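Below: the structure, in structure tokens.
Read from first to last, the chains carry the letters A, B, C and D; within each, the first residue is number 1.
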């Protein structure tokens, strides 16, 4: 996919550590694929919390702020996704506020589906809003909750929120961690010497040399203080709803997601795809890098040779020359170049992780054919995406989803390819196992939780 | 004075104008002496309000944001003073929030003396704070006030605040203007074709070609809508308390302040000083530029020739090489250079507007002597500053005020000068006329209003 | 390899084209892997040449300069490699000078081996040098050459230079292209509608939609004017010396290099390696992305399954937190993460393109073992690098080259791996064919041309 | 004047000092009025020379480069004027080159009038030019001069140049200083402890606490080495030609220029003007700050009271909103505001230092009248400027000079004022004394030296 789907944020928190800001920003490097719009951290020295944020990548954050000036024992970090609209520094995270509980900073991954209703209610009650992010609404609710202490206030507050959330809070002396009862987004905890570390994906632990302990449980609430870690359950849903798309595209393959290796699941999906949608082809290639694992699985199961048929430019990032005509095509060409020697006179099976709009694949298919491919067969390691996500992914509007208005055959025709095959919903769930524990709503329209009253579905944090 | 006193903010608002952002930023250029820490504007196009702010001067604001992208019919602007502490973009103004009244942006000049109490109360009631500025507290109060409309809510809210405030608000379609009942800070209104313009100082009107109409009255509340301007009185104090320091130092001499020409009053003070503290000297010089008007008055009344004895460097701004030893002296030398030919073998009378710490004058006195002055006589066109300000000026702590612990004689000795003379409080008030209408608390310790419970005296907006 | 070897520059030139600067910068995106220190372009509008350069990537160049301001019919572009030393804007290219031939701009890829001697001579003759780049020396020589016109002067001048050079010059109305007689570095020409395009690698043509025509011949000199293209030979060496390392590492696999597909050669080297150094392993992985093609070849020839065992972070670029202890390890960890599920309990064969210092491989080997690999076998798709390059590559000093002081066995021990195998020189040359046409001096110490008198070997352009 | 005349550069050099870069940049602050386009320094640590430059003010130079990284015992600094044309970093100074004499850096104030001829000659001889500045031509000449050592080469080289130059060179171990034989531009030397300091104006010495020793003599050449200072004369002209405009406008009044106090001369010019062109007025005001000294002289001699009638904004710098209609007027209004109370119903005599185009004065005259002035009488403390300068000042083209095509009466009419009076050439020279030692060519068309063959008259350094 090329700028078609956006992960919506990555979070990290470290408590009782050394070189906390340095480790948080290192960890954010590992989570960078979850958000490239803005990056930030908040750190407590036990007395005061300070926050720094930048638009852009973690490398920009490091360039704009001298992190060695920030000393502290606990902190949180956040990367936020990039979309065209309300992308301003005001919406960057963490958000730091002061309230009756003292200073609180929060980093959020997910999407609150009743945010609009709650915000309207709070405005009616006399609250003011300085951002358009869910996190501010959360903090208002916490601030106005009657409770004995901050921990209790957070616990009470978050029960009012529907949708998905992985939350890491710090006060001047404690850290609080919460994950929604459905477990939509991944969140894990690790040990780093005497310190605790929580992060959206375990690849951050690998980089930091932290030892993965377990996933934060859906509905779990953690209180981490100088006295240690206390776990409790603040909610209990009658089902789980892990976002199955994390396996398909969003998470890094080297992460353990929902307690399974993402790479393993992705590979299984490739194999299952080969079983469901075989092809008569000379080589299997992937759209790198996100579909490579599935392609390897497909190649192995089908016995067709895996090849690198498309080269992915290492230097194509966010900065791009302003859009004139043919820009979309230009962008795809900048990112991918076909390797003629691999493709020429071959019947090519292209494995991609998913189809959202289909525009990129259309351009790529033509590129492959121009490079001499005799036939182009597309195999998608997930079912047709036909419905919007309200739980933390930024999809194009439903009308733009290829599968919402076209059959696979029509899509194949639009793409101009010999054949197109999708993984089935059942096949996909077989790969993950315990399929009932997963959300697959964007595929099967079965939304596990309240989905809100309007378009606020793409908001992160 | 050199970085000793700081004006605390300047505000401007334009309603129903053309090229609104351009005119607001032009006007901020004229108000720049009132604040150099940050600059910003908020503009409404009738439907939505947008805000942009930058750390630094108005020229930075213009460099960082393409103002031609901002179209609208009404807007406000703000410049904020520079102090070491909590100087971050978060505290810059205008502040824009969304609440039950819709979007509101505010620009504030002054200092709320019961801000801490109100903030504590609001925090107890469940509010969150993202800045340390008074304006946020004001907006919270407005948002939680029960009223029929925004105008009424603002009116009700501001009656709860003590201290000084000149406030300009915009909603998406209206502008609201309020000045505290004591009239501490200046605020005037002008006509600019079909548009209304309010500003802290009339020099902004001159630059914009706007016609001064009158001062906003102490306790006055203005509602400006498409239907025109509506004035009412929201409070009535039993006295006025215009800040007399506006005449002495803070305002630009070309402004009409409290309905009198600042330049005229400053000149009168110079003349009165000559009467009260005559001197036997060959020349009168000023510490340029702020004391020049008073020095001219002193020269005229005393009959001693006015000369330019100190040259003020045009290029010394905020950026400075980091402080090592002798930095203060270096800074003074960078800003001022004595003109030897003028000073050599002369008995010099130096007129300065005020003494805060006295450190700059001490360095200057030595410089003058090194340049050949036979005698150095200091004449101050205001009384000794011995008490802090709680109404919108940033003074050093009381302990640092020269006059809080030293007599004039002791100060003269500290400065190493032949003589030192101050204007009397009575003499000063004679110059302004109607002395009972002025605050002179930093001179005479007679505070007109509640001064709060702690150190929040230096906060602006 | 991780920051161990640096390609030394990429060049591009377009004559008689539309949107010339836009296309040049697009092309530079495709050549970015050849140099990340600085990027620049020079453009002629037929009357005047203008130049713009930036430190950093092409994306920085585009951010710092509004390329749409640059109109012209012919231009050249350059990317320069990054090394610690003399990396300043002054050394960035293209270099634009004015001389008796009018304005000339040049972009250079290669290394002049008699630059020091020539420079000393020129200094003795009264010339001044403002940079430390070869290109300036070239321009001096051209300027002082007696000739009938610029083209003749360039031709005469370049015969004095030894070493490697691919040069693209523009004057206000013409373009000149030259390649040294050994053909060390690649340079090709393509048609783009009515325009001519020359570039270091053909992947730039693919991106621009230009049609590859042929390679510029070793010793060829092209004059491109409004009247068309004129080719001649300015020198004839008794052998060719294409840099074989272009195939191994420097060029992009999707480029046609020295008239052969780089990808094909790389794959052959992988297969040949499998023949020469078989292994008893469960999986073959590569150090992505540069060794992936060779690894696929190795897997195919050996029949061992290819897997993705190391994930390469998409966001690790040049900006890095300043070096404290363990930085090298941290850097490797930031760039690569092992995929445990793939590696656990496996005997792993790791294919890498080359070993320079070996430090990265040492860290990676440990990472693989920590991830559960039972055995680690390293296979290198090139012979041991034991000698410096004087023809345009930036190698570490000879002492730092692992193979200059250690046998393969000793290196294996240093790396802490079960086995290490290198491709033989003969095997390597078999893969390219016509081995006598290649330089392989860094492997076999057989330098085809004069190698200069001192350390100026790493200079580019 | 408002952006009408530009001083062309200021130079400084320090040899054998401590904190050399810090002191050079401090000194450049004092010379900033001589050039605002770019600033730079070069420093030698005895072995190597390094250079840093920035576009903009000295404060930008300090922001962009951490000067504390630059250690050395000798260095030079430069500020360059701002004009629209060829203002690029390439032209900024100092220029550092390497040649047969080793590294040389140079800072230049002045204008070489035979630069074009020499450059053409050098190009014919095979030299290349990377900038359009005179300094590069100078360095070429030095590099190609046959001599025993660098000092001798410089001495020989500079005899070939006509026009004006104050030059400060450093090699790795020595400093060389030269001033043209006419002494057009000021250059002085001072002692700073064990160190030597040369600078364009003595105000730099005051800031550094350096003790003025004497002016560098016209035609003098200084060699400063570890062994001390050696002076000799490299040329002898039959007259002197100090730029009289330095007194009128360019130099800071607190500087000693051509061994006389600039302030004193300026004051005398004001008095002389009062004698030559008396006026019947109520007050004398100046166009601040450059004309204030002359205005004080005029007031003293005429007995008419001096007043501050125009306020000069402290914050109007180089950054300005892009020119649309009325921009010139807007710019003048931004810089100056009339003080109504001073002007109202007064017959005002306005003293200005000079008239170039007259556009600013025209706008100011209208502003004064709008502010209530009954009559406006302009008195200019210099004669009509009717001819271009070829010796280092940036004038508008001759056609734009008001006095080149209009009589004083016509100018008065154009300005819309009651009367206009200029100082006579004789009166002016009486003020300086020894009038034959001054250049006044822009007033009297009597050019002391060769003025070149074309438009290269405005080039600095």
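To be clear about the criterion, a contact is a pair of C-beta atoms (placed from the backbone, for glycine too) under 8 Å apart; a residue touches a chain by one contact, two chains touch by 3 or more.
Because the structure is predicted, anything quoted here is derived from the model rather than measured.
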| item | value |
| --- | --- |
| Centroid spacing, where centroids are CA-atom means, of chain A and chain B in whole angstrom | 49 |
| Centre-to-centre distance between chain C and chain A (centres being mean Cα positions), rounded to whole Å | 36 |
| Inter-chain centre distance, chain A versus chain D - centres from mean C-alpha coordinates, in Å | 61 |
| Contacts with two or more other chains, residues of chain B listed in rising order | none |
| Chain contact graph, described as a line, ring, star, complete graph or other shape | ring |
| Contacting chain pairs - touch in the sense defined above | A-B, A-C, B-D, C-D |
| Chain C-touching residues of chain A, taken from the complex the two chains share | 22, 25-26, 29-30, 32-33, 36, 57-59, 62-63, 67, 203, 206-207, 252-254, 261, 263-264, 289, 292-293, 296, 300, 305-308, 311-317, 319, 321, 330, 333-334, 337-342 |
| Complex interface listing, chain A residues touching chain B | 89, 95-100, 123-130, 136, 139-140, 143-145 |
